[in-house]
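Pasting the structures here.
Look for chain A in each of the two complexes below; its partner is chain B in the first and chain C in the second.
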Partner chain A sequence: MRGRRDAAGVVRRRRKAWELWITIGLLVVLPLISATDYSLHIWTRMAIFLILLTGLNLIQGVAGMTSLAQAGFFGLGAYAAGISAVRYDLPPLAALVVAPVVVTLVALLVGVLSMRLKEIYFTMATLGAGFVLFLLFGRMVELTGGPNGLVGIPPFSIGGLEFTEPIMRYALVAVLAALGAVVAHNLLVSRTGRALRAYGASEPAALAVGASPFRLRLLAFGLSGFYAGVAGALEAFDARFISPSTFDFMTAVLLVVALVVSGAGRMVGPILGALLLTGIEVFAADYADYEPLIMGVIFLVAVQLFPRGVAGELAARWEDRRERAQRSGESLGDSSAPAGTTRTDVGTPAMTEELRR
Partner chain B sequence: MDTGLLIQVILSGLSVGAIYALVAVGFGVIFNATGAINFVQGEYVMVGGLSAAMLYEAWDVPVLVAIVAAVAVTVLLGVLTEFGLLGFGRLRTPASITIATIAIAVIVKGSAMLISDRDTYALPSVLGTDSLQVLGASTSRQTVLNLLLAVAAVAALTLFFQCTKLGTTLRAAAGDSETLQTFGVSYRTTARWAFVIAAALGALAGAGLAPLTVMSFDSGTLLGLKGFAAAMLGGLGNPRGALAGGLLLGIAEAVMSGYGAAAYADVVAFVVLLAILTLRPTGMFGTARAVRT
Partner chain C sequence: MSTGLEISGVSKAYGGLQVLRDVTLSAPAGSITAVIGPNGAGKSTLANVISGFVTQDAGTVAVDGTTLPPGRAMTRASRRLGRTFQNLEVFTGMTVLQNVAMGAYSRQRGGHLADLVRGPRARRDERAADEAAWALLDRFGLGGRADSLVESLPFGEAKLVEMVRVLAMEPEVVVLDEPAAGLPPASALPLARTIAGMAADGIGVLLIEHNMKLVMSISEHVVVLDQGQVLTEGTPAQVQQDSRVIEAYLGPGPTTTEELTR
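Moving on to the complex of A and B:
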């Protein structure tokens, strides 16, 4: 019995790693498919979204709390990097370090204030935080350049090496995105990650076991801020111009919806979400006026069809089928085993999946 | 200190605050019935104000008729919202309903952008353009109308919730929706009525807002979120709290912009939202409810 459960655990972990390999594989393959300046620019955007969503996935998908502050944090990262490079003449590498640190601190502060709230109240608190940041980007004109944006951000450079070629810019973002995905994956399969997942799945059950989820959630929220900070700094050095409208409420909503629709809580969710967001951006360039309407309809349909996200829904179906196959297989071949044990064994993966909803 | 300026500031605060109050009441009604935050609430204000102003400007419809028509359009939108959210029978948790309301808000805003072609429209006040002198300050007559509207709406809703059968049902839904369903009251019916009421409130708020500013497809989102901050300030789901919260928030914003920090006036609502959620998440007048884990 025990041996079989261990084997199931290995299979589960390998399946999760497989989701990670899709992410990294796509980052490598995309520039091989097309490497024109324009498509490299698109891939770079995609990789920045991937970092943002990987961070958001920690709090949204794993801890199960919707954060509408991610766009604000993204902007804070971009402005922190941009301002330290433009106004304080910091070398880009230092700015790339400063930005995530600043954002993590702010995220921890917001987290301390709001983390004890129930889900919807927490969401609205993060909305408040995101909006304060967004409004400040537009109003602190001396520092941020106001609604006209911050201009004159230098390209990223290490020593004398400037990242101005599109392929270099993509490589920088892609390497960091892959690194971020690996870190997130390792965190999720670790003990901490499983505990976090348990809180997200069933708070009463997790609380009944005895621990307060406060610290773990704060950790997840701080980390999501860190990812947003990195993404923001990369955005600043890639676009070399930032303006508040990039980080508005709509972006916050888009990030959450893209992740939810693709499959929050799964490793493959962020990459699907990033592809979706990039697709929308490319598509929006052609149909500017109809974009919000079409996007809204797509989101409504997607949310109605896949309340657990496309990946979540497919995985749940796959689990169901596997469970059914396993049950029929065991009732045929394993009839000698005590009925109770068999049921527990079969029930475990299904229950985990149930809890995750 | 200049008293004239102070009174001026307070009056303009009350004028906008009354609108926030109407929006806040709408948030409360939906929250009580479904447990979700209705992000379309701000868009109801936009649709109400914009359609009234468009009817008036583009088709020369008399102001009052335009307002009645706008309320009708918005109520229809409310019914459609409910259908879009619950008509497919798949969304059950408040969190997923909330996310779906965001999608609907995007659809409504996107449609309004196409219909209005990004133009702005204005609506005159029903009371004419004369200004009103109060203690050395001058204000538009619309201020008085908005205040009356907000107070009347809150009073009417309070009566409705206390004295009618439907009102009692809606209150029961807020208390324990599942028990109510075992009594044979459909969740969808209560939800639909809640959306009708919320949309009507939003449309009235829009009609009250349009004479103070110009309306465009973009007028709803920020206003709706500020209305939510007002609702939290007063206690989500409590009409009287919403009135107090809305007026207070309006005054706070007006003081901020009247005394030199106009650029940061918009920030006030969200700082208030964060502060009230941190310090007293049930709001000033909220009923005891589990909001923390």
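Moving on to the complex of A and C:
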């Protein structure tokens, strides 16, 4: 956003929160568009995906490290909540707290072991973690119900109030999704988020300004696990039945693809990705076998048309246009640079190219 | 006032190759000390040892009398030691303002978890860092570029952003690794002015540079490194007249200092 100065010359920056408002606005508007039981079910799915992708965006988009563990963490959250409620008779509210804590601890453990590795090895470690979790969901039959799934999960409830009405189920998920978006936005615009991005852009320079990559990335990964845990618990209480196949390798890849196609690293990336995933789920329901194919084609076309993701590309174009307008403003004598300062307006196109490298 | 940078007895070998041999030099506060030397003299390794990117085999690096932990680049910012890089190292994908504000990173004390809530304190810190960055950008004529993505800037300006980011660290010592590398001759003067401005602000500047004209025009003290050792040191005038320096650069044979400084 363009900075403005008030009369005293103090800089006031306009907030860059519009992407957050789009996300929250959509969560509010969707049930107003249609509130049938079926569409509320769809919106709830969408909001659960939104939470998952918001978490994934912190490690994938902001820290720039691809995690293939998000589906496994999603499942771990679902099973942690479901098992707590079914096998240990924990109240759903307590289970909703337990699930993200469990997933965060597991994510931190995986992170501590793999975070010092190069990005590609980190991705392989997350792939392994996701796969191990997937296997455990199917093998620990006594706890998880095995391949047949975990049945008998109660609806979510607070005190005696049961969230069985579709609108209440949606409201619960939407409120948590909005809260998650606010927290993610805070992180993104704070110095922590900047440092995470900085580390992805230039490792030596980030070290030189004193940013600790290990701690920052561990935090981002732990948070991605926390979000997956919340999403998983909500999935368990919403579907009331969970089985391993929901959390397989294909889901892990779909999540990453949906986020990258939509715009990893931007706040609108997760909401676009969630709409995309939900859309595919709805329209491909009749052609379930072709879902990977559809996603593959979308991905191939999107990376050609929008190398920075749909949101990234549109925002970049918009910023380019704004900058050009700003420059033409400057040439009309609207320059904000004080007179007499040095301007090294030099550099060849080749050098600029080198910069873009 | 800070005593600046003191390097004492630093040695470093890679396998059998001795890159630095017992290097002792200092960059006092408020002045420019240059390190020159032919390719392979060990200049970049020296910069990396000072800034903690390379662990020395022996010797110490101290800022303002405090010895810095070897090989820990992350600790340098809190010891008020900043550096620039020979190859441009900016934070692509971020605006010029955000790039510069990152310089204040280690001075912001709030915890990372507190950033999830982004309470008044975190916001105040962010605003302070941004406003300090704005002031620096204005001072260096980059105010109009504050909201541009750093990768959209011409090379010369991006280099300047890197230097301004270091100033945002409020450093006591700055190590500049070949700041003129890749810059067209026309930028040499503004660059020299920027570096001189750092010293005028009381910063101890260690200038590692190839461009002799730049070095000779702005340095108070010049250290000549050759094959990992300090060959000689002195004022620019003394160094320029030293036959060993000419020999190290151009090989033995009749030559003049004019050729060197051209």
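Heads up, the rule we're going with is that the second predicted complex is superposed on the first by the 311 of 357 C-alpha atoms of A that agree within 3 Å, B and C clash if a C-alpha of one lies under 4 Å from a C-alpha of the other, contacts with A are read in each partner's own complex, and residues count from 1 in each chain.
By our rule, contacts are C-beta pairs under 8 Å (C-beta built on N, C-alpha and C of every residue); 3 or more make two chains touch, one makes a residue touch a chain.
Because the structure is predicted, anything quoted here is derived from the model rather than measured.
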item: First (chain B), second (chain C), both or neither touched by A:125; value: first
item: First (chain B), second (chain C), both or neither touched by A:195; value: second
item: Partner chain in contact with A:151 - chain B first, chain C second, else both or neither; value: neither
item: Which of chain B and chain C A:219 touches, first, second, both or neither; value: second
item: Touched partner set for A:186, first chain B, second chain C, both or neither; value: second
item: Touching partner for A:257 - first (chain B), second (chain C), both, neither; value: first
item: Where chain A meets both chain C and chain B, residue numbers; value: 207
item: List of chain B residues in touch with chain A within their complex; value: 35-37, 84, 88, 90-91, 94-96, 98-100, 102-111, 113-114, 221, 225, 228-229, 232, 263-264, 266-267, 270-271, 273-274, 277-278, 281, 290-293
item: Sites on chain C touched by chain A in the complex; value: 51-53, 73-78, 82-83, 85, 88-94, 97-98, 101-103, 105-106, 108, 110, 112-113, 115-118, 122, 125-126, 129-131, 134, 138-144, 146-149, 151-160, 162, 165, 169, 182-184, 186-187, 190-191, 193-194
item: Residue ranges of chain A touching chain B (in the complex, touch as defined); value: 66, 110, 113-114, 116-121, 123-125, 127-129, 131-132, 135-136, 139, 141, 203, 207, 213, 249-250, 253, 256-257, 260, 289-297, 299-300, 303-305, 307
item: Contacting residues of chain A [partner chain C, same complex]; value: 1-3, 10-11, 13, 183, 186-187, 189-195, 197-198, 200-202, 204-212, 215-216, 219, 223, 265, 319, 323, 326, 330, 335-338, 341-348, 351-352, 354-356
